[in-house]
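What follows is a short report on a single structure.
Chain nomenclature is as follows: A, B, C and D, assigned in order of appearance, with residue numbering initiated at 1 for each chain independently.
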Amino acid sequence: MLEELKQKVYDANMMLPKYGLVTFTWGNVSGIDREKSLVVIKPSGVDYDKLKPEHMVVVDLNTGRIIDGNLKPSSDTATHLELYKAFKGIGGVVHTHSSYATSWAQAGRAIRAYGTTHADYFYGDIPCTRALTKMEIENDYELNTGKVIIETFENKDPEAIPGVLVFNHAPFSWGLDPAEAVHNAVVLEEVAKMAFRCEIINHDITRMGKYILDKHYHRKHGKSAYYGQNN
Amino acid sequence: MLEELKQKVYDANMMLPKYGLVTFTWGNVSGIDREKSLVVIKPSGVDYDKLKPEHMVVVDLNTGRIIDGNLKPSSDTATHLELYKAFKGIGGVVHTHSSYATSWAQAGRAIRAYGTTHADYFYGDIPCTRALTKMEIENDYELNTGKVIIETFENKDPEAIPGVLVFNHAPFSWGLDPAEAVHNAVVLEEVAKMAFRCEIINHDITRMGKYILDKHYHRKHGKSAYYGQNN
Amino acid sequence: MLEELKQKVYDANMMLPKYGLVTFTWGNVSGIDREKSLVVIKPSGVDYDKLKPEHMVVVDLNTGRIIDGNLKPSSDTATHLELYKAFKGIGGVVHTHSSYATSWAQAGRAIRAYGTTHADYFYGDIPCTRALTKMEIENDYELNTGKVIIETFENKDPEAIPGVLVFNHAPFSWGLDPAEAVHNAVVLEEVAKMAFRCEIINHDITRMGKYILDKHYHRKHGKSAYYGQNN
Amino acid sequence: MLEELKQKVYDANMMLPKYGLVTFTWGNVSGIDREKSLVVIKPSGVDYDKLKPEHMVVVDLNTGRIIDGNLKPSSDTATHLELYKAFKGIGGVVHTHSSYATSWAQAGRAIRAYGTTHADYFYGDIPCTRALTKMEIENDYELNTGKVIIETFENKDPEAIPGVLVFNHAPFSWGLDPAEAVHNAVVLEEVAKMAFRCEIINHDITRMGKYILDKHYHRKHGKSAYYGQNN
């Protein structure tokens, strides 16, 4: 069942240790089949070096019920489902505790757009959510994590800013498919690292100008893109 | 003698270079057989790439005497024994000079709980001991290192906070068995790294809220745990 | 066509992942055949692990037109061409988003000459350009990036300071040939890393003295050089 | 000639890339035959991956003349010779531009003894030299680098503090033989890294106490040492 998507989700999960984004079993990637309303996700707490494509779990987008698979899905599954339901254009979601991005999340600060590496992928600041309330934590925590991310994007385009920091927790990112979602997670970590150093180098730093942000984002995205071989 | 435990202790020791926690011979792991009151520990100053399971030394929990083995046990053996005697529930102990955790120990500061990576393993701040006195240093130094750790945990649960920073020195951590003790040492280093960056990113940062700390700790530990395949 | 130069440019491009200067496809190296006024450059957005010497694109120095190759040249080609036209003595150009140098570029600060590692390769501060104007960004952005670099070197010798930081963007470096250009990119990243730490270690730090700067630069460059086997 | 020492010096040189202490050809190790007053040292500017034991150059301790070898010795040879002449107990010398130690040297600050990793190898602060004068730089620079190191150790024991930072430049370290000299270079880099972080974690940090410094140094050195298998 959904063998092709399972393979893609598996491959994307295996990119996490390859790019140094995870320690132990921290982190998970999912992908969605929009026509069937089914989500394929990593099982909970399984070591990456024991992970196989057939371990991927299939859950129903709307009910969260397991449709296929012998293992329990990631404990963060409810967050992934919320994001798929609200952000209709995305095909893959990633959660990691990657070191620099998680430090920003713990610190409770958005990552400002300081340079073109950021602008090539994120069209503006990468926001940080508000803290969840006692109620939101104690009941349906993972579902509410999804909701607070969606609330954070009320006036933002999740396709133009494909990532977020969850306060006191860690980053989530997404993309058109599982591989792109991981790609964005790698960029988010790199951008978090450079913003960290950049604020130390220049205490009076301000955000990059709007024109250069526009230029770099649109050089890689949308109708006027001209980066790469396919534009 | 205790071949199975020797293998486990050896395997756990070899995880230290694998996870980048040691330089040269710095670091040691032990494991205990509670029924026999015997502790198996790494020999002192032996290179990791020459280490073999049969090099592990067996010492008596109560007297510290060598029961089996041709090499001298780790110079930190007395500290390990103190911890096993006071913390009845633990089965493995680790000492490293891992870089970030050691920096916090040298700086003499506890690592505050800032985020969920911390809360997933440590139920509150990771404390730093007081400095040892002249007397404690000059006589039975390693034994007193154990005693000052135990003193630091007077009002804390060592199973809920499985690690400590020894002032001016470096971290110790522990777990149900040698492998879990090393697992906690890896987390401690990661948490130390993120807390370091986090305080730079936000100078006014405060500890994470109690509800989210509770949620994440109990998601992985105790009766209501639901992370992983066995809960 | 230009097979030898294609191989050199390919080899130099492959040094970027080897030395950890690039993530994904970020970064490009070119080389020039001065007699034929032809520049060989990496294609745009091609993965390093799929890159082959025959993928290199040949463009005309003056017109920018593709003379040989089936792929689109790097989107930064116009910047490379401007540099070759203005800096007559250089034979290779590199652009990366290497992590520390890019942090300085984002922060908008020149890297001051603090020590002999710097002085061995860069005869003085590594400058940072001014920001490009709206006009310069919206029309012929890559060409104007070249122009603002050249403007930055109005009173500087590009052969004695073979690198620059482009404000809000990232570094460019160059050399007598593609390999030397990458060599200088590696040094630039290392120097950026050390200057970053150095200013934290000593807030009151000042530039290194002129005599030691002179000594180290001239120990490796020019008529009185005596470092290495060929001087 | 001196084949055994050449092999040892070669092996020690090859430890530099293994432990991440050098970029390109930066760094050199030498060893001395005290009876013959001959020093074996790495040739100048040769890549580590092309280096062979037979490339090592033999020079006379007193005259600096090449006694054996087809290549030019390291440009830092005169510094090595000065150290061997002044510090009679040492058998190996190392120079690197290792990243953290070099940052401290550039910043012009001694590395204070903050913890036991430091105390296990260096019995007190690792000093930083004064700046060389114009005269000292312009004439016999490398010899004067040796002299300013020796001046820095006027009231210190070079065997108890086997390393130094040369102002605006980089570290030198030494030991009983070439391998121990490199071992100390690795520790110096690690200690430099931890001191850097430690001062950020606690702005009011003070040096470690004398008793713990004494304890750790003497646990590994001298008559009362008990660390390792040979004490």
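One rule holds in what follows: a contact is a pair of C-beta atoms (placed from the backbone, for glycine too) under 8 Å apart; a residue touches a chain by one contact, two chains touch by 3 or more.
Here's who's who by UniProt: A, B, C, D = L-ribulose-5-phosphate 4-epimerase.
This one's a predicted model, so the numbers in the text were calculated from it and none came from an experiment.
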Between chain B and chain C, the fewest steps along chains that touch one another: 2
Rotational angle, Cα trace of chain B fitted to chain D, multiple of 5°: 90
Per Cα centroids, the chain farthest from chain B: C
Classification of the chain A:chain C interface as same or different, half of numbers criterion: different
Chain A and chain B, separation of their C-alpha mean positions in angstrom: 33
Chain centre separation (chain A, chain D; CA means) in Å: 46
Junction residues of chain A, two or more chains touched: 199-200
Pairwise touch network: line, ring, star, complete, or other: ring
All chain pairs that touch each other: A-B, A-C, B-D, C-D
Chain B residues within the chain D interface of the complex: 23-26, 43-46, 71-72, 75, 97, 99-100, 102-109, 131-132, 134, 137-138, 141, 168-170, 196, 199-200
Residue ranges of chain D in contact with chain B within the complex: 114-117, 183, 186-187, 190, 193-195, 197-202, 205, 208-209, 211-212, 214-215, 219, 226-229
